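The next part holds the structures, each set out as structure tokens.
You will see two complexes here that share chain A, one where it goes with chain B and one where it goes with chain C.
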Partner chain A sequence: MLASQIGYYSLILGLLMSFLITPICIKNFYNNKIIDIKIFSFSFLQFFLVFLSFFALIISFVISDFSNETVFNNSHSSKPLFYKIAGTWGNHEGSLLLWLLVLTFFIFLFIIKSNDQPKKYRILTILFQQIIIVGFFLFILSTSNPFGYLFPTPKEGLGLNPILQDPALAIHPPILYLGYVGSSIIFSASLAGIVQNYISKKWAKHIKIWILISWIFLTLGIMLGSIWAYYELGWGGFWFWDPVENVSLMPWLCLTALLHSILVLEKKSSLTSWTVILSIATFTFSMCGTFLVRSGILNSVHTFANDPSRGIFILIFLSILILISLVVFFLFHKEKKNEISKIYFLSKETSILINNWFVMYFLSVVLIGTVYPIFLEVISNEKISVGPPFYNKLIMPFLIFFLIFMSIGPKLHWIKTRFKKIKIQFFLLFIFSSFISFLIIKNMSFKNLINSFLISAAFYLFFITLKDFFSKEFSNLSQKISHFGFSLLILSILLNSLFSSELTTNLKVGEKISFKKGIISFESIENKKYKNYKSIVGYFRIEDNEKRLTILKPELRIYNQPYTITSEANIKTTLYSDKFLVMNLVKGNEYFNIRYQVKPFMIWVWISTLIIVLGGIHSLFKKNHEK
Partner chain B sequence: MYGKKVKLRFLFLSLILVSVILSVFLILQSLKENVVYFQSPSEIQKINEISKKKIRVGGMVKENSIIMDSDKINFIITDFKSEINVIYYGAVPNLFEEGKGVVAEGFLKDKNYFSATKILAKHDENYMPPEVKEAIGDK
Partner chain C sequence: MKTKKFFLILLVILNFKILYAIEPNNEILKNKILKNIRCLICQGQSVYDSQSDFAISMKLVIDQKINEGLSESEIYDYLKDQYGQWISYDPEFNKKTFILWGLPILLFVIGGVIVSKKLIILK
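So, the complex of A and B:
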């Protein structure tokens, strides 16, 4: 009760801070030489108030205060404490409050970390960021108030969707938001940069840190969501090209392109317009994602409650932001004439441009695949869906060239490279990797041209980056780590999808089934009772053709509040492969539905993603040392 | 004559333009081949020709219609106007239950018989695909 009150009023006070900061900023912009200390204090105060509000919501969840509507809708007194806390952002209202918290935190961080930047540029960034902050305040207060009051107070809450009661999903939203919201700083900073005509080498160096931070968190956030889908949804896959996944991939692709083009800006101060467009696009895609996911247009676990007014609000807000950025871009942006230097075809710049071209192509594939069904439904009322074959067909052939450019590109020099310098080693490695992929394909009697080319290309990148580690060429190490991780990622995804095997069947307790790789016997089931769910654990003995035994114990959880059955896959992970077994119960039948999968190199998908992120982290710290 | 820079720019722009046109063409082309249409049991009754393309069928799982044996699951999808028999070899997701919404993906054998290759997952007990909601209408 009290906590909710405090939370609500500090949220309103937080909004008032924006109206205090804005005039001070405008006055300060024209006045003094140094930045007004009041801006620091009010920004901190705003962050603190939002934090207080968020903390109050957590308290309401912890003490199960069901007079709070959000708590009532999403919590239950029998839930473990960890999920009471994680439930704070496992719903629409709370997750938006978290988003706002990160927004105010990041702008505060920006103010104190950008001392070496021009004053007017900093103030303008704060102003642009305040537009976004006010937008989110209004959005929360008008359509998604997390502190709605219920009277009479219900005795018990409705509970959190059980498939969200999971450790990976408890940290997935905060991590992902750090990535999304980080892109808002890049957005505001590039708008401010345009107005001040400050898109320069110095700007690139300073904004690169923010790009890296957002990119690292966005990558980690997507990975966490993917890990969760792998073990919780029971498909045994980790990426489904579902629209909800795609909307997080789009800003990621944009950000990745930006991460590369900013290098050209930093070193050569060219590609200014393109970099700015990418910065604006990244945040726009983040917002579009929010719009599609939260408006109920896309259905998923992220759609908490369909409320058209929310969708309309975000849509209007999004249009305003796009309008502002277009106006700023066309009114203020000036291409610096003298800095268009000569472009040679064989240089790092061109290879980065080629990288950007490919990434933009992947982006448009994902964008059209995601948006087209929505438009078609609006226009012709026909309902369609676009599945994995579409994406595989359009992305895989291009990925081959992408990987090859990724291996050669970083070897080129800035400005100009001579042909002589491209060593014969590259060609040898290429032949070597083609040979290896030939062996793999031949052994498995697998016939698909694109796949074999793709494996060769991935191996090529793999060996080229590996060679650098061994020959201790540690210049530009972060890029090498990330590219190495990427080659490993593509390889493990490919080998995983090519060599996975699956068996689905229905079994009664005590039955066994033999299949081409061994025998599965369903030994017994055991019932257990926990605080907020009953569990049925199945014991499965799997004996493969070499007489090796694996015991797998998948679980069914029957949650009481809300009544839901979830199946927890049991996964035995080794470095070579994952053995994955999930069972399902169909009411009124004594058969259990079983899905058993052997997935080679599964763990390497996650390890390689972490390696990619590691490259980003390395680059971040390297930058800090240079200061 | 134009300077070298202008020429280069022109070349660059036309390259971008050509590649954009090519990729959009490519994307739209494969979109045509790879979309999966959604149909309700009533809509299936109205079609004239059984196509070999993959489709999705959505509705409710009819009460007392699930029959399981050791390798397959049979059930009936209904939208309370028409129904269709479904045969499915494979794993069912959580929350697959009689009287609940379902979306199945697969191939039509004839107007009353659907061979499913996949049953789509749902995420919570109140959730109903909008297609299903619409297909069922207001009963």
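So, the complex of A and C:
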């Protein structure tokens, strides 16, 4: 009760801070040589107030204060403490407050970390950022107040959706938001950079850190969501091309393109306009993501809050931001005259351009695939579904060339490379990779031309990057690590999807079923009672033809509040493959529906993503010893 | 070192044959179809991923159709007839979806033109 009050009023005070900071910024912009210390203090105060508000919400969740509407809707007194806390951002209102918290934290961080930048540029960045901050304050206060008051106070809350009660999902939103919100700094900074005509090598160097930070967190956030989907939501799948997954993939693709094009700007002060456009687009996609998810116009497993008024607010807000960036871009942006706008054919710049070209294509596929069905339904009232087959058909053939360019590109030098520098071993490795993929495809019952090319290309990148680790040239280790990770990711996804196999059947306790590779026997079930759910654990013995034994214990959980049945898969992970077993109730009899899956190289999907991230982290922390 | 690695890789690859396919052929086809059709009463799940009543009865229908000897595309056609385009995750190419399929490719071509304009080809 008290906590809610504190939270609500500190939120309002936080908004007032914006109206203090803005005039100070404008005055400071024209007056002093140095930045006004008040901007520091008020920005910190704003961050502190939002933090206080967020903390108050956590407290309300911890003490199960059901007079708070958000707590009532999303919590229950019998929930474990960890999920009471995680429940704070497991709902619409709380997650927006978290977004705002990160937003104010990042701008404060930007202010203290950008001392070496020009004053006017810094102030303008703060101003643009304040527009976003005010927008979010108004959004939260007007449509999604987390501190709504309920009277009379309900005795018990409605509970958190059990599929969200999970450790991976507890940290997934904060990590993802760090990525999303980081892109807002890039957005504001590039607008400020345009106005000040400051898009230069120096700017690129400074903004690259923010790009890396957002990129790292966004990658990790998407991975966590995917891991969660793998063992909780899916039946062994980890990427569904679900619209909500797609909207997180779009800013990621944009950021990845930006991460590459910023290098050209940093080294050659070329591609300025394009880099700026990408910076703006990244944040726009992050916002679009929020709009599409929050407005509920997407048909997805993620839509836990559907409210049209919210959608309209974000849509207007988004349009204002886009309008501002367009105006700024066309009024202030000038192509620098000394910029080398032509690029030689065989050079690193070319390969980065090609990278951007392909990544933008992938982005357009994802974007069109996600929004086209919505438009079609509005226009012609016809519903179509766009799913995995669509994305596979449009992405996979292009991925082959993308991987090949990715193998060769980093070998090229800046400005110019001569043909003879491209060595014969590239071709040898290519033949070797094709040979391996031939062996793999030969072992399969069905043939697919695109798959075999894709495997060859992925192996090619794999070997080339692997070879690089052993060569003496240690320039740009981060790039090598990330590209190596990417090849590993594509390989493990491909081999996983090609060689996964499964068995679905109905069994009752005591029964056995034999299949090509062994016997599954359903030994027993055990009932357990926990604080907020009852659990049925099944014991399964799986004996393969070589007499190796695996015990798997999948679980069914019957949550009391809200009443939901979830099935928890039991997964035995090895470096070689995952054994995955889920069971489900069959209505009206004693049989259980079980699905047993063998998924080769599953763990490598996660490991390779971590390797990709590692490359980013390395780049973030390395000293600038190389030219 | 290098040969060792090579044989290691070879070993892994040859093992796939043993790993691959624990299910009968019908099951492979069935699962493939189930993954490509939408559970109409769920929030964005395929029939394969769902345990709803609709999904369960759908699985039986697909089983029956495979046993009747229908081919994969015939089954999709049957389903689209019954439930409309909404059920299939693989949108048809027709006059309502040509933008969906064509626009990305068009953008790719435009991108290619822009990129190549930026380049000077060394003689």
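One rule holds in what follows: the second predicted complex is superposed on the first by the 610 of 627 C-alpha atoms of A that agree within 3 Å, B and C clash if a C-alpha of one lies under 4 Å from a C-alpha of the other, contacts with A are read in each partner's own complex, and residues count from 1 in each chain.
By our rule, a residue touches a chain if its C-beta (ideal position, glycine included) is under 8 Å from a C-beta of that chain, and two chains touch if they have at least 3 such contacts.
Just so you know, these numbers come straight off a predicted model, no measurement behind them.
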Chain C versus chain B on the shared chain A, clash or fit after superposition: clash
Partner chain in contact with A:N161 - chain B first, chain C second, else both or neither: first
Chain B versus chain C, judged by how many residues of chain A each one touches: C
Contacts of A:S364 with chain B and chain C, given as first, second, both or neither: both
Touched partner set for A:F330, first chain B, second chain C, both or neither: neither
First, second, both or neither for A:F499, with chain B first and chain C second: second
Touching partner for A:I440 - first (chain B), second (chain C), both, neither: second
Partner chain(s) touched by A:G237 [first = chain B, second = chain C, both, neither]: second
First, second, both or neither for A:P562, with chain B first and chain C second: first
Which superposed partner A:T350 touches (first chain B, second chain C, both, neither): second
Touching partner for A:F151 - first (chain B), second (chain C), both, neither: neither
Chain B and chain C contact sites that coincide on chain A, given as residue numbers: 233-235, 299-301, 343, 357, 361, 364-365, 368-369, 372, 382-387, 389-390, 394, 504, 567, 584, 593
Footprint of chain A on chain B - complex, ascending: 5, 8, 12, 16, 19, 23-24, 26-28, 30-31, 34-38, 56, 66, 68-73, 89-98, 121, 123-127, 129-131
Residue ranges of chain A in contact with chain B within the complex: 161, 163, 233-235, 299-301, 340, 343, 357, 361, 364-365, 368-369, 372-373, 382-387, 389-390, 393-394, 504-507, 511, 513, 562-567, 582, 584, 586-589, 591, 593-595
Residues of chain C that touch chain A when the two form their complex: 9-10, 13-14, 16-23, 25, 27, 31, 35-36, 38, 43-46, 48-49, 51, 84-91, 96-97, 99-101, 103-105, 107-108, 111-112, 115, 118-122
Touch list for chain A against partner chain C, complex: 233-235, 237, 240, 242-243, 298-301, 303, 341-346, 350, 353-354, 357, 360-361, 364-365, 368-369, 372, 376, 380, 382-390, 394, 398, 416, 436, 439-440, 443-445, 499, 501-504, 515-517, 567, 577, 584, 593, 598, 600
